[in-house]
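Heads up, the thing below is written out as structure tokens.
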Amino acid sequence: MKDSMYPKEKRRSSLRMQNLHLPSHILLIIWSFIALFPIWILFVNSFKTRFTIYDNPFWLPAKWNVGNYTAVLGNNDFLGYFKNSFMAVSSSIVLVLLLGSLAAYALAHWRGRASTAIYFTLIAGMMLPIRIASIRLLELVKAMGLLNTIGSLIPVYTAMGIPIAIFVLTEFVRQVPGELTEAGLIDGAGRFHIFIRIMLPLLRPAMATVAIYNLIPFWNDLWFPLIFINKENAKTLLLGVTRLFGQYQTDWSKVLAVLALSALPVITLYVLLSKQFIKGMTAGAVKG
Amino acid sequence: MKKCIVFLLAALMAIIPLAASAEVSLTMGSWRADDVQQMNNLLALYKEKTGVEIVFQPIDPPQYNTILRQYLEGGIGPDLMYARSYAPGRENYNAGYFFDCSDIPGLKDNFTPSSLEPWQNADGTMFAVPFAAVSHSVYYNQNLFDEHNLAVPATWEEFIAVCEALKAAGITPLANGIADNWDILEVAFLNMLPNYVGGAAERALYESGEKPLNDEAFVMAYTDFASLAPFLDPGFSAITYNDSQVMFATERAAMFMDGSWTCGTYDDVYFEWSVFAVPAREGSETRICFHPDMAITMNNATEHPEEAQAFLAWLCSVEGATEASKVLPAGFFPMINAAITIDEPHANAILALNEGKQTDARFVWPVYLDLYTPMLEQLNALLKGETTPQAAADFVNSLVQPASAQ
Amino acid sequence: MLLIPKKRRSIPALYPGAPYWLRYILPALLVYLLFMAWPLLDSVRLSFYTGNAANRSFTGFSNYVRLFAGGEVTDRYWGAFGQTWYFFAIHMLVQNVLGLLFAAMLSNATLRGRQVYQTIIFLPTTLAILVTGYLWKLILNPLWTRDVLTGAGLGALVYPWLGEASTALTAVSLVSCWQWVGIPTVMFVAAMGNVPGDLLEAASIEGANTWHQFRHIKLPIIMPVVGIVTILTFVNNFNAFDAVFAMTGPNGPPNYKTDLIGTLFYRVGMAGQHPVAIPDTGLGAAIATVTFFMLCCGVIPTLKRTQTKE
């Protein structure tokens, strides 16, 4: 029975398979709708006005109004917030990659009890709730004179990013064939040279993963800017958004334009690099 | 590799703070995020006069006290800042953050004792210079009133009748909601309260313990407040203060119990509106909640004490206060003891309500600020029908410390 | 790889020891210790003190006594404690179960459009909760959606979900699940990618249906990832702050029913209660310390188990 069924089934498999998947498709389409709905709401309503936002809130505006966007972009503060966020996030990521790859290189090659202990101490940070330390961090950042500058965020973000960097990069360095290092060593190249010349180029894809993994939490963080930064010209994008909430509070369409502009960079980057993003997100827990 | 170096350079640039400009520049903290434009105009005017630049840096209003305190403790407070009246401001003075403003020229001469009192310490020193007061009333949509032949109510009974008529016509009578957890107390209940418990002199009797906070007047106030529940939007528990403003501005509600600071918000609405005082019950006297709201003070840790004090002195001069009142958003009333005329008609209408009436600050501010949250929670429960006026009054009264009841 | 240990012995000079390698590790270790480990441990010390940075004095266990001895703080703490567990339970039940379900469907190689679905499911995760929270707050606002929903015959959905004590916390939890469901989904998809294809093929030839394949082949293989997802959910939920901050506010209204440990910590330790707003860092640190130890108790055994399984 089975034997006679098998070839036939294989021939018809593609069509039958998709039929079998019908419940999956239905469920996934429903969820896709739910996932995209608020984002749809965000964009259509940001083109309405304070008074027309009630007219059919779920649908396109009767008359497109770009005034909200020009008002927000005309606000110099907004571009400044954007620049601050960009600087804080990019410098933190560069530092995470730099410190993380150096340490990972060492931890992968130096075998011993101390190395293992350091390794576990460092990656335990993936699970540590750093916000609990906020009171202390605030005092620390103040003592360093970094309060009210985006410099206050960089060391904290770097510390937050290092554990995952060590975890992913150490694993990656271990996978680099030992012969490559051996050959370099026998040729008389120093370890540091090998790190720069051989390891770093090889680590590029893994570093991209780490960068992307850290990008979202750094960019979207409100907690640390909220407690470290007061000065208007040092505010990050999200912190600035909370200020603009106040300024535009009675005009929902303008608030939505602010939100849309703050979300746009991440959405664009995500849609362009979604495969990398998803790989980055899984790297922390699953070796793929 | 080159990329790495470029990134590193970018990182370094980010870490090195930008060089400060040579010109004297002060910062001013505020909870008035709505007033960026107006305050910038005022400060530009001041810069023109004196060459001193003051940068206005508002904070989202519900977060102001919190964030200001964090900044002061962190040593990054602004040079000048708005000071809340009574205890919230005094706390910052006692902690050493606010300047002792007692000797600012003009302060003692140009303000009446009752204007000074909200920012006065127990020993008579001043922790801020008064800047503006706000007044409470009921905003109403004149077009809707005309459409339904409704007259401005003169008594609480008439007010309820107006609410009923509007509701019967399918219009939400009141825009107020409770989701933000501050406005229902400050702009609705404390707005009504002077009609029941009396003005400043009677408030003192409650503060000294001669009258309990669950006397007949209080129970009546809670009763009348609770009777408003059916006239709010059915989803009032999720309606924020901003939602309320939007409701009124888009004609989704005919009235809004609020403070004068909002009156500039409705400049561009498509209907006529005006204000009336929350009316007292028939046979009682209607009183107004006129609240000393904003004062400005200097940070003790400022690097520019001279410039900051000069600005405070300017605010205490008749000239400065007049200039400020012209630029300030409508609905903030100068506190200086000088005849300043207000041009904005709506703000004038609000101020005109005070004529011939007793006024008082928001009841809990001067002494009973600890009752703020419990009272607010009782109000929420009353509107939701989870408690009774008597029980609410008894509960709030039970929290009065025996020490202050002597 | 097997050859390397031999070579290692043959040229010992090329295998430097600790002093050499520490030079590479030290920068990362220092930043990590200074900005993560030490502040965390020092928060424990702060919980035995009272006052602010300028004048701090030792008070022994009095902060803990205040936290647990009864009175308002204790009520708030246990309220937030219970609500955080509820928040966590909803995430386990909705976010992680949905993630598992989506992953089971998406890991099926014959399903068309897998990449597109996965991209869409993950999209909300990339947005700040400040943004999504505001949007959901708007969508759940009865004022805004009453007309359109009633018009569509969905009048039953018009309800102040975020304003009523009975629904607010569930609504906030579900929005948070909506936002983060992408993470367990992609993790489970990746884990299921490790399931050998021929094993599944053999099973389907043997007549095992989809459920059986999932239950007896996929699930055992992804079990370690289930552990990690649980830990991540646990740690994140016990620090959750943004979702409540963005949707109902730091006070956890209505009537503290959406108050979580994260928002309580913010209010007590960082912000202070409106309208006076004086933070109590000692008490805040005590809350943080209790949470920290609770997390350690939950995380360390699980971490050990999953690490030794490798």
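The first chain written gets the first letter, and so on, giving A, B and C; residue counts start at 1 in each chain.
In the analysis below, a contact is a pair of C-beta atoms (placed from the backbone, for glycine too) under 8 Å apart; a residue touches a chain by one contact, two chains touch by 3 or more.
Just so it is clear, the structure is predicted and the values come from calculations on it, not from any experiment.
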{"item": "Relative to chain A, chain with the most remote C-alpha centre", "value": "B"}
{"item": "Dominant interface by contact count, named by its two chains", "value": "A-C"}
{"item": "Whole-Å gap separating chain A and chain C, where each centre is the average of the chain's CA atoms", "value": "15"}
{"item": "Separation of chain A from chain B, taking each centre as the mean of its C-alpha atoms, in whole Å", "value": "40"}
{"item": "Approximate Å spacing (C-alpha centroids) for the pair chain B, chain C", "value": "38"}
{"item": "Where chain C touches two or more other chains at once, by residue number", "value": "53, 270"}
{"item": "Junction residues of chain A - those touching two or more other chains", "value": "54, 95, 142, 227, 242, 252"}
{"item": "Junction residues of chain B - those touching two or more other chains", "value": "63, 67, 70, 246, 252"}
{"item": "Complex contacts: residues of chain B adjacent to chain C", "value": "62-63, 65-70, 73, 84, 87-88, 91, 95, 177-182, 233-239, 243, 246-247, 252, 369, 372-373, 377, 380-381"}
{"item": "Residues on chain A engaged by chain B in the complex (per definition of touch)", "value": "50-51, 54, 87-88, 90-91, 94-95, 98, 138, 142, 147-151, 154, 196, 200, 226-227, 230-232, 242-243, 245-247, 249-250, 252"}
{"item": "Residues of chain C defined as touching chain A within the complex", "value": "1, 3-4, 7, 11, 14, 16-18, 20-25, 27-29, 31-32, 34-40, 42-43, 46, 53, 98, 101-102, 105-106, 108, 110-113, 115, 117-132, 134-136, 138-139, 144-145, 147-148, 178, 182-183, 186-187, 189-191, 193-194, 205, 207, 210, 225, 228-229, 231-232, 235, 238-239, 241-242, 245, 262, 265, 269-270, 281, 284-285, 288-289, 291-292, 295, 299, 303"}
{"item": "Residues of chain C touching chain B in the complex", "value": "52-54, 140-143, 146, 158-164, 248-249, 251, 253-255, 270-279"}
{"item": "Touching residues (chain side chain A, partner chain C) in the complex", "value": "2, 6, 13-14, 17-18, 20-21, 24-25, 27-28, 31-32, 34-39, 41-42, 53-54, 56-58, 95, 99-100, 102-103, 105-107, 109-110, 112, 114-115, 118, 121-122, 124-125, 127-137, 139-140, 142, 155-156, 158-160, 162-163, 166, 178, 182, 185-186, 191, 195, 216, 219-220, 222-223, 227, 238, 241-242, 252, 255, 259, 262-263, 266-267, 270-271, 274-275, 277-278, 281-282, 285-286, 288"}
